[in-house]
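Below are two complexes that have subunit A in common, paired first with subunit B and then with subunit C.
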Partner chain A sequence: MRKKRFLTMERRDNYKGYLFAAPWVAGFLLFFLYPLSQSFLLSFSQIRDISIFQFAFQGLNNYRNAFLQDVNFVPLLMGSIRNTLLNTPIVVVFSLFIAILLNRNLRLKGLYRMGFLLPVLLGSGAVMQNLRGNAAVVDFTSGMQGASSGIESADLTGIGLTQQLTMMLGPVAAGYLQTVLNQVSAILWMSGIQIILFLGALQTIPVAYYEAALCDGASEWEKFWKITLPLSMPVVLLVTIYTIIDYFTHMDNSVMVYIIQVSFADFNLAYGSALSWIYFLFVSLFVAAAFLLMRRHVFYMGDK
Partner chain B sequence: MNGLAKRIRRFRRRFTWGWFFTYAGMLVLVGFTALPLVYMVSTAFKPIDEIFLFPPRFFVRKPTLSNFGDLVAAVDSQVVPFLRYVINSLFTTIMTVVLTVTITSMGAYSVDKIKFLGRKAIFRIVILSLMFSPPAAQIPIYMAVSRLGMIDTYWALIVPNLATPMYFFLMKQFISQIPDSILESARIDGATEFRTYLSVAMPMAKAAISTVVVFSFTANWNNAGGSIIYITKQAMRTLPFAMSTISAGGLARAGAAAAAVFLTTLPTIVVYVFMQSRVIKTMAFSGIKG
Partner chain C sequence: MRRPTATGIRLRSRLPDRESIGNAYQSARKHAGRILLTGAIYVLLTEFVFVFVFPYLFLFINSLKYDFDLRNINTQWIITRLNTFNYAEAFARMNYLEGLRNNLVVALGSMAGHVLSCSLIAYGLARFRFPGRNLMFMAILLTIIIPPQVLLIPLYIQYARINWVGTFLPILVPTFVGFGLKGGLFIFIFRQFLKGLPHSYEEAAKIEGAGYFSIFFRIIIPMARTSILVVAILSTIWHWNDYFEPTIFLNRSTTLLFQRLGTISYWQGVMTPTGAYINPIMLAAIVMVTIPLLLIYFIFQRHFIRGIEFSGLAN
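Here is the complex of A and B:
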């Protein structure tokens, strides 16, 4: 207690801040930043002996190989970028739409919320893989799914339900249905957290604004464009960035699958690290672009 | 009788096609996301001939518990009792969740509410690291764990998962909505910083905490990676690992695998249902602008 009297306010805040942040920062440095920097070093080298973790500096060779020699990487990267650019706006608009619906006085709200969050709960784990595995066991006769849909959508629909529908409906109707289902499920599967974030934002908008608009005779449509959207712009930005990152770093993303394959199946760790860093650079470019494009439309209400 | 007629009339007056399509659309979408869950549950109760039925059926016709019997049989033939895996999983997951929430909320609180040097730098680094794809860092993480002497201890399943940038980011976004003036008044009333954090800020960040609990529980409960990489003793491995060995049993074990999937998913759903009412309800409160 005595000692504290000699600390200035500013210094005391510093100490407190460091004390509070220390455990997290320590974990972050040790198990995130340090491995990251190691992988950065690794990306410029070639492994000599994996058992004692010895590697030799190689300059930009790995990076050069990624673009000039590897026939798989660039097409996969392009596909991943295209996929993200196409789907991000859809996911953002869809989840805002659903959040607005959920924010109204619907019956069975809890059920819908549970429903939209289920993919988040199921999709991340061994369960999904196991369901996929089961589907593969069940579906040993048909190659339809792999043929008609791209790598990513096939993965996202996963569960093998579409094949089951094919069995019931016949191939023609099921072909159309499958395309639609693939798209819908791809979007549903990616928008659970976004809906939650939007719901949080919508509930912070003061009811008084809507009442004022009601008195002035505004329609629902006008209320959306003049009140709801402008006031939730900060979260729209947040959700957009989250969605971009989520799409790029999802474990089903074809580039991610490729990086994992290169690093662990082929055990070419150095090259895998180089690919990761190239990928990281592209992802941050897109996030920065989204940020710059949307910044002028975002304004913050109140003191923040 | 009269009451029913009245109800119908009231319903007629309120009925519009807009509402009809809203409800219908919602139910269809929810039904769609619920499909895998329903499929999982129904498969767990399918007798073996229905699992391999071609064309496959979605719902179970003759529900049976035989898959669970198979599971017990499959598991009994292993060296380690099944319950041991469950306990390992529960212990490491709960420890991870509790510690994650504690250190993440403290870190996020300090970055947002204590004005100390370097807090902006910390947050920027967190944002940047959100974008990095982690698989390439896995081997260096292993090196770090092994140098700390944590191989073959429960710590190896807990400590590396604690400082996740995503949760930090989520937590910080929520905490920044807490008005500074409330914390300020607590400090003026003589609360220490820790007291302010614990008794003022944390209750207002319940939504964030529940969200992080749900996500971190799901992620760690389902993660088999750790116990494969860091653990060599069979008795210390976790449930997802045990599950993967069961489903690796191939066609003969398909029923047991379905039952195992069902049992493994249950806790996730329970945690979510338990937390979800808080997630949404408290969101409304935590969002109040000062």
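Here is the complex of A and C:
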């Protein structure tokens, strides 16, 4: 709604936004753009001498190899995209559901909330891996740091949760439970952050709205669709974007594992960075698509 | 029996519904339904929580066992003799106090940086329609998408040049300008929450002649309490558990607890009857790494619950 062409007071005020944005721009140049451009240049080159970080320009070769020569990359990429598309809606709905339950005045509310956060508290990385009996993730850190410091991969091979389950339940039930658990617990364990975000969103909804709905005789179901959901849409958008990004860039993701293996275990840094550039282009496309799809449904109370 | 009180329902039970006035049967049925619903919620939550808690319980129990209990095929959860030696050993080998101090400096320092910088930046994004703001927002999303691993080597060279490697600075400084571990995500979180706040209070303050920074600190910050708590909790947790950047940028006396787990060798473990190797000292160490975080979280989350009452006042 453009009313006046010249600087109105409101418009002049808007330029004060730069004041708040300034520190971020400084950080962007120092801690992001410079290293990013280095990585970008690296993706077009080939290593000549790794000890002094000397690289030779090589054109688009790395990119061509990724699609035409590398038999691993494209299937991994497709699998990763499929998993993300499947899991994101489940995680979003599930975590909203749990957050609504946790937002009630339950006894031991604190303990329940703590329980759902435990996987996050326990460490999104090392300890979790330890528990699930998978050491792939930490291999490269130990590779980079040597045995003297850092996490040694041997320390983190599992304590055998799977065996424990088999022991407790017998092989058939355990096998079944395992397949279910692999899916469910992966989803549950990845939704701790989402639950917190939704809890935060639910708590910012003014109680007055619910009271008004109550006076009009609205049911729980109606309250959810007419009040809770519309008012938490900004956070639904946030959670969706976060979940997509988290799935794609999680250290467990097969493409990430592959990229890390290529760049640090095989020490082919140039090819690795070309792969990551392709990958992040895909991720960005998905994030942009999610944004555009949801934008129409997101309503901000503060918007004029 | 306490009523299930999502704040609305508490009110409803005081105001009799239109249709159930004078209808004792119906109200009794409703009451029973409510009890059932509450029961179902507890069962469901307990079930889900179990999936979350089970591994930690397993860890904790085994960290307190002696060898003979670990080898015993008949017991999983029972400890016949409590073994606290594991904890003493892990404490000494990790040089626990030094590691704990480092963890507190990194986690709490970065948390302060993130809360301060990200809320300011997000306020600029959410409330000022300056040209280029959408571009900036897209760039912020990009900083979330691209994981730190990609930027690692150029950053390392950059930090090594100014002698920051081995100090806390590479981790702390970026957080004060909205970067660092998941800085972009925190800006995004603040933006979504701040955009949901009504304008009226700010406008009133503007008319009274308040400057933007005083509006920010006096009006926005108190209203955005919930989002500040969310960011504070997440930032602390992630920094506490991060092992990627610390392994690269910290060394010797500045290493965090997570890195110090490496000083406890796996191969001193015990072969359990189920065929798994368990090193109770390692498990004790893991428990000790996470305990302070649990305490910090408990402190935060008490305020988190109180947020409910506050949000009623804000509007």
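Some notes on this structure:
Operating definition for what follows: the second predicted complex is superposed on the first by the 235 of 304 C-alpha atoms of A that agree within 3 Å, B and C clash if a C-alpha of one lies under 4 Å from a C-alpha of the other, contacts with A are read in each partner's own complex, and residues count from 1 in each chain.
As a working rule, a residue touches a chain if its C-beta (ideal position, glycine included) is under 8 Å from a C-beta of that chain, and two chains touch if they have at least 3 such contacts.
What you see is a predicted model, and the numbers here were worked out from it, not measured in a lab.
When the two complexes are overlaid on their common chain A, residue A:Leu275 makes contact with subunit B while staying clear of subunit C. Contact with subunit C, but none with subunit B, is seen for A:Ala208 once the two complexes are overlaid on the shared chain. By the touch criterion defined above, A:Val120 reaches both subunit B and subunit C. Residues 13-21, 23-28, 30-32, 34-36, 38-39, 53, 98, 101, 106-107, 110, 112-122, 124-127, 130-131, 138, 141, 158-159, 161, 163-164, 167-168, 184-185, 188, 196, 199-201, 203-204, 206, 238, 245, 248-249, 256, 260, 269, 273, 276, 280, 283-284, 287, 301-304 of subunit A contact both subunit B in one complex and subunit C in the other. Against subunit A, the residues of subunit B that register as touching in their complex are 22-23, 26, 29-37, 39-40, 43, 51-52, 54-56, 58, 102-104, 106-111, 114-119, 122, 125-126, 128-141, 143-145, 148, 159-160, 162-163, 165, 168, 173-174, 176-177, 179-180, 193, 197, 207, 211, 214-215, 218-219, 221-224, 240, 243-244, 247, 251, 254, 257-258, 260-261, 264-265, 268-269, 272-273, 276-277, 279-280, 283-284, 287-290.
Residues 10, 13-21, 23-28, 30-36, 38-39, 42-43, 53, 98, 101, 106-107, 110-122, 124-128, 130-131, 133-134, 137-139, 141, 158-159, 161, 163-164, 167-168, 184-185, 188, 196, 199-201, 203-204, 206, 238, 245, 248-249, 256, 259-260, 263-264, 269, 272-273, 275-277, 279-280, 283-284, 287, 301-304 of subunit A are the ones that touch subunit B when the two sit in their complex. Contact residues on subunit C toward subunit A in their complex (touch as defined above): 2, 4-8, 11-12, 15, 17-18, 41-42, 44-45, 48-49, 51-53, 55-56, 58-59, 62, 76, 117, 120-121, 123-130, 133, 136, 139-147, 149-155, 157-158, 174, 176-180, 183, 185, 187-189, 192-199, 212, 226-227, 229-230, 233-234, 237-238, 241-244, 247-248, 251-252, 255, 258-259, 261-262, 264-267, 272-278, 282-283, 286, 289-290, 293-294, 297-298, 301-302, 304-305, 307-308, 311-312, 314-315. Remark: subunit A residues 13-21, 23-28, 30-32, 34-36, 38-39, 53, 98, 101-107, 109-110, 112-127, 130-131, 138, 141-142, 144-145, 149-152, 154-161, 163-164, 166-168, 181, 184-185, 188-189, 192-193, 196-197, 199-201, 203-208, 210-211, 213-214, 217, 223, 231, 234-235, 237-238, 241-242, 245, 248-249, 256, 260, 269, 273, 276, 280, 283-284, 287, 300-304 touch subunit C in the complex.
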